[in-house]
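Two complexes are shown next, each including subunit A; its partner changes from subunit B in the first to subunit C in the second.
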Partner chain A sequence: MSPGNPELVNALVQVLGSENVLTALEDILPYGFDGTATFKQRPVAVVFAHDAAQVSAVIKLARTHRAPVVTRGSGTGLSGGSVPVPGAVVLCLVKMDRILEVDPANLTLRAEAGAITQKIFDAADATGLFYPPDPGSMKISTIGGNVAENSGGLRGLKYGVTRDYVMGLEVVLADGSICWLGSKCVKDVAGYNLRDLFIGSEGTLGVVTQVLLKLLPKPAARQTLLATYARMDSAAETVSAIIAAKIIPCTLEFLDRKTIQCVEDFAKVGLPRDAEAILLIETDGHPAAVADEAAKIEELCRAHGATSVRRAATAAEAAQLATARRSAFSALARLRPTTILEDVTVPRSELAGMIREVEAIATRHQLNIATFGHFGDGNLHPTILTDERDTAEMHRVELAFADIVQATLARGGTITGEHGVGLAKKPFLKSQLGDASYELLRLVKRSLDPDGLLNPGKIFDQS
Partner chain B sequence: MSPGNPELVNALVQVLGSENVLTALEDILPYGFDGTATFKQRPVAVVFAHDAAQVSAVIKLARTHRAPVVTRGSGTGLSGGSVPVPGAVVLCLVKMDRILEVDPANLTLRAEAGAITQKIFDAADATGLFYPPDPGSMKISTIGGNVAENSGGLRGLKYGVTRDYVMGLEVVLADGSICWLGSKCVKDVAGYNLRDLFIGSEGTLGVVTQVLLKLLPKPAARQTLLATYARMDSAAETVSAIIAAKIIPCTLEFLDRKTIQCVEDFAKVGLPRDAEAILLIETDGHPAAVADEAAKIEELCRAHGATSVRRAATAAEAAQLATARRSAFSALARLRPTTILEDVTVPRSELAGMIREVEAIATRHQLNIATFGHFGDGNLHPTILTDERDTAEMHRVELAFADIVQATLARGGTITGEHGVGLAKKPFLKSQLGDASYELLRLVKRSLDPDGLLNPGKIFDQS
Partner chain C sequence: MKTLAEMDYSVLQQCMHCGICLPTCPTYLETKEERNSPRGRIALMRAVADEELDITKAFGDEMYYCLGCLACTTACPAGVNYAELFETARADVEKKGVLASPKRDAIRWFALRLIFTRPRLLRAMGRMLWLWQASGAQMAFRKLKLTRLLPANLRQLEPQAPTVLAKFSHQLIKPVEKPASVKRRVAVLTGCVQDLVFADVNRATVDVLLANGCEVHTPPVQPCCGSLHAHNGDTDTAGELARRQLDLFDPFVFDAIISNAGGCGSHLRHYDHLLAEDPVYAARAAEWSRKLKDISEYLVEIGFRKPTGAATASTEVTYHESCHLCHGQKVSKQPREILNAIPGVKLSECAEATMCCGSAGIYNITQPETSGWLQERKLGHLRATGAEVVATANPGCHLQIANGFAQSGEKTTVVHPVVLLAQAYRNETGAAR
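For the complex of A and B:
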């Protein structure tokens, strides 16, 4: 179709009303990118749906007019998953933002896909329940986006990721049909698990319109610790020692020296600027278990060379310590015009070596790379601070990116732990999966979206 | 192909050796059924593979000769999933039974598909780790069978099911290609999650040959309680009260009056024969948490009408109490020639009403139905004690079966919580899923197994 396709736009206006169809340049420009640096593409139109029936109508119209559909929520993604493709209609679900039900007897919460993650957490919290996944962007991200990317967060080690809390999904398929996958039953083996196929499929197989989530009882107690290290290896040894002691903290995060310095400049939390590594550790659960675990963790930190260990005395102090980690990305993003956030993940035992390798890669390509991430999950966020206008440096960025990916795969890791493949990691997927798995993915895409109109060109190229 | 197809058998012998290809009637008869009553079918041959390459060779040969392949482990399934189809080669994986690696640093265990579940539990246990899924047949079931059926167990409420512990799979696809899905990374969003598609797919999409499992630290303490009730409703109210108190026990099982009487006859555990319900409750974790929770649970049991509450003083006594529940199926199976085990599951809040409805259905159809199951999961095992030679009674069994399924679906439940669809639940799947989801399942099957040779006719009919 030609850009600006007026027939399609008219048909969309008929279904959704003109107030829900944007085509003016100034209106659609903000929907031309997401949280990922360097990817931009103007859509043909941006439309807002209010329920699954409208989503279905949009999908059918787009099919009739052969227009790609790129679904998005708040656009906080970090792999380009919701960046439009040429000729695309952006289907924005932020107006489907209701929390439909909290069911304390069955420990479930049902919400529309556009509901904000933080609101879901708050609604659970208000009934004494707990929705654990806490992606960095949870204050503005939508649950539909979290499901599409299978978002992680800071509590992954103990509580897992978004997938672990999805019991059911309402999905609009490529032919416009609407189906429910999953149920309120905590055990359900009736047929293939297609729910989990849609989780993390980045809008390429269908449009998630409703989500049924599992909740947990709220942990009764929590303790936050911040340990400072003169050597990254000591921090890594501490993490191994904690796991070996059969303790699974809910949070086990780290910052490297560059990130520490940036965060301190930005947030003034009182971090030691000369430390090589900081671990943020949180344990939660029964008060006695938390007290025991926190004491043991502190002991292990000191035994493995921590130069200081701070235990938060109050919730406010805990929040302040957590700020050090939560503000890492924002703090780093202030330093240079372009911030490229990596998301490689290795088996936990490989993490210390991987961090050293990232440092060597930074030196080799003369780049400024700060690294932070989820130590307990082996999930690293090497952050390249650069300037996309500097062609020579961007070329070195590409080389470094490829080197980091290669080092990750050599250690049995994955090119993406929680941000998704999208556009950013597409070139590397085949090397990770191998031919047979890669072709299987493409086969699934062809089968479920034979016309290739649902977020095409993401994850892999279809042709 | 004709039964006994000698060309195919010769080709199989060439690849596997004659000691791994059974065709004599007395050898193959034991592979003509599984743990499910009433389903039997003699295969053409039974073959044993020793690695993925041999599995791949078998798949390719079967494809050349257009023979269906039915994969099985120990054949303990309860929905007919591993019962041969006409003309089938049974591919038995019990000789692929090695535990390949226990990795304490990454909390993983890798095993071949034919490894016995109990051995996996023991290997984890030996290093202080814990593999939670404990299907009833775990002493003889294989991990490959557990994955194929996504088996549950007695710890589902707190720990989930097999799926929740599978990090990676080696799978041989319908074209014979071998692929790995998943990794040792605790977070991995590189491409579609096809691992979870194969889990619970009952051998209809590929053959799982290796499994990478997630382990947990072993809980430090455990407390087992047995509460007796004069009324089933009181037991149900207790369960709701426990959940409302934000306690998630690892085990929350129940027996009804008929099951209690049978178990007492069989195992002599000292159960009160006049009780209408018994709850077996187990909590585990930090010793202080366990002590608090056990005290609170006992208080809630008594407050909601328990006539007695027994707390196990020792591990031996705990094991004895658990015997009451673990022996339920064996005890019931002694009463009549044919034991038909149902597996319906409803949202937890619907369970008490569902149990009453099953009792009404038994009365209406003049059948002997004893019920036990996983109260915390809403997973019921109404067990019809009958005789397959009695045509008139078997007709009433069919009617009762259909009534139970209908009642389940009316309560938002599922036709199978942990046993799978196989042959037994095939007629009911479409009513549960609805047309759109059902057709999506069939589409996935057609795409991944275009010749329809992998365990055909299970879950649904393909034509």
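For the complex of A and C:
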């Protein structure tokens, strides 16, 4: 039984049909959270839209009834971006999941926001093309959610993040109007670049309903290497050495001892359980270049203290290693009941120091912290393993969090590399941006969503 | 058995709602609604434990909408024990009686408490069904279109009734059979449906064990293993049946206890957990669980002898993985190894081999719509391989797939991998056991 807003619910049923409006407790409870630990808030209703016109109708109704709208895809976010706010209608787009067009002549792909990222990758792949962004959750996450959070992934080092592949998008604004921003033109400088404004806006400025993505030719070859280290510093030094040698692998992932053990418990792919750290490195491109780079990388790994370097013999073995790496965050849940993931990024030169600092913070606050991440782009995921029912420990977790953020900012880093600010990071945003930039963000929000109904209370508190 | 509210809370907390289970869950794929997904169901269970949600009819419906295929447990990096959560939740639903209705209660009493606890009665029923089918009465009934007299749900199910074989396991297998030279001593579980409908699978199981130097013990009357009960929220009867099983078989005197049905095996290997707090049976149950092996798993473990004969002429075979064999027991490579060892068999992999076929115990009776959708999806993938034989190792899957092909008039046959292996041994020239 939903406590609030029966009139709104009736109106939504009129527009969408009763099968697309959920209000029973058993139906809405599982929409009270996303992939982020500890945030929970029950919505008043969950609605499914099937096209932009329905999204527009939902937004207009919500506006009339002054109900906040929280848009959601598969709910895999890790900053609380799609956790409902009090009184919210959850607008779920997973049923808008069609891939509308693959255009090999222009190297583009157009899809509805609810399309699963893996399906987009597969559709491109089937025509010999390549969609590079690959969030760890790509088998589950939706492309609309990727755009809203500006998701990164394992190939960010060479290929960048979701933003780098969005050529256009359809967005429904807070007044219900439907706009198309961007085009298939590689060069297009007509007016302000509003498209970029919506990428990474976390559902606070509009609802992305369709995306036009840039594709690349599929790299002809790929080589995956796994380097094992007895010392964390050696792994960090290897990364610096690879970059200094002017080699940009597409993937340069790092796992610490705790993470290695949890991942191996789940995936059983033969990771060295006794290693202090491993690097998972992948290079792709022209076969000759790949062979050359792989040889140089292997040499650099050994020169900087790798105890062993293993090359994936087959594509299947490489895929297995990548899949194992993608499970890292979830696999860490084996150690303690609650798993809280950080997402800080520092300039690459600061990596080794930052990791040492995270270790010191863990010791200082008597906490269990595992670290993995995208070493190549400086993006670290220190993950605090705790129990949300232990109040004293949770207090220490908060302190440790603040310390990690402070250390990051002191090194010229950013509080989020790929998961967004959402609820998890908003207390820290101002200290990163400074007063003027922070106010500019709020000004943009006020201009586009004057009533503050689109995912309010995310990124910053409502004014 | 503890309730959701009483159980170890950390089992519920283990789910960190990352969503990796979503694309593997058949019911979520069908509806795309969170409550129909593993993490959604766990959220509801946790809400029950947290007293935010009562055990309602909708909660009960959801727990029975889940197939219990356990595909989510294979996908889950966090290692959530979904099987325990699911059985506890269904037991809670039964205790609370939110789904109770005179008809449902009568069916459950008849099936779970009467038929599947009394092997002799089950066989008598099977004998009657066999008479009905073998005498031609069934065909006459169908030809005269008397099926119209049946209620709608039974009318749909009538063509799916399995064909009972003329002989049951105890008529085909002696209580003890010995090979020429004994290397190991094992016990074979004959099952319920397997005993009536697939006694030939049981015979083949004994044959392949004999061919590999095992002395085989097969008590002629065996109780049901209790998996049907545990999966349907009747944990008390499941415990009782497990104890009867342990009275009949002394796990300490065998090298292994062999199951050949994916669904039964998945439950049988957890007697240790089921009876962990039983002061009399706990130790015996632990030994039982240690020795309980699926037939394919055991054959591979003992390095089974590769046959030199062929099963039939060259055959293209595809393999459908029973959910409870691959997700429940993690036995996935071994049946393929058996098939690949048979001369003349060419194994063609099908898409989504590990996805549920919709049989799922009695799910095809309780949820015909979802079951039918999954059956069609499965048949499509099997057809696409072009194989003339589908191998699978669970009677429920066997019937579900065979019925699907029979309905569309296709000739594809369904067979247990060990039946092919037994044939191959039989066809060895100058074959000696």
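The criterion applied here is as follows: the second predicted complex is superposed on the first by the 458 of 463 C-alpha atoms of A that agree within 3 Å, B and C clash if a C-alpha of one lies under 4 Å from a C-alpha of the other, contacts with A are read in each partner's own complex, and residues count from 1 in each chain.
Rule of thumb we're sticking to: a residue touches a chain if its C-beta (ideal position, glycine included) is under 8 Å from a C-beta of that chain, and two chains touch if they have at least 3 such contacts.
Just so we're clear, the structure is a prediction, and the values are computed from it rather than from any experiment.
Participant: Looking at the overlay, what does A:390 touch: subunit B (first), subunit C (second), both, or neither?
Facilitator: neither
Participant: In the superposed arrangement, which partner chain does A:359 touch: subunit B (first), subunit C (second), both, or neither?
Facilitator: In the superposition, A:359 contacts neither subunit B nor subunit C.
Participant: If we overlay the two complexes on their shared chain A, which of subunit B and subunit C does A:34 touch? Say first, second, both or neither.
Facilitator: A:34: touches subunit C, not subunit B.
Participant: In the superposed model, which partner reaches more residues of subunit A, subunit B or subunit C?
Facilitator: Of the two chains, more subunit A residues are contacted by B.
Participant: When the two structures are overlaid on chain A, which partner does A:199 contact: first (subunit B), second (subunit C), both, or neither?
Facilitator: A:199: touches subunit B, not subunit C.
Participant: In the superposed arrangement, which partner chain does A:415 touch: subunit B (first), subunit C (second), both, or neither?
Facilitator: first
Participant: Looking at the overlay, what does A:240 touch: subunit B (first), subunit C (second), both, or neither?
Facilitator: First partner only.
Participant: Spell out the residues on subunit C that touch subunit A in their complex, using ranges where they run on.
Facilitator: Residues 9-10, 13-14, 16-20, 22-23, 32-35, 37, 39-41, 43-44, 47, 52-53, 56, 58-59, 62, 76-79.
Participant: What residues on subunit A touch subunit C, complex-wise?
Facilitator: Within the complex, subunit A contacts subunit C at residues 22, 24-27, 29-35, 37, 48, 74-76, 94-95, 116, 118, 137, 139-140, 262-263, 265-267, 327-331, 333-334, 337-339, 387-389.
Participant: Sort out for me which residues of subunit B touch subunit A in the complex.
Facilitator: My answer: residues 103-107, 128, 149-150, 152, 156-157, 161, 163-164, 173, 177-181, 183-194, 196-197, 199-201, 205, 216-218, 220, 240, 243-244, 246-248, 285-289, 292, 345-349, 374, 376-379, 412-421, 425, 429, 432-434, 436-438, 440-441, 443-448, 459-460.
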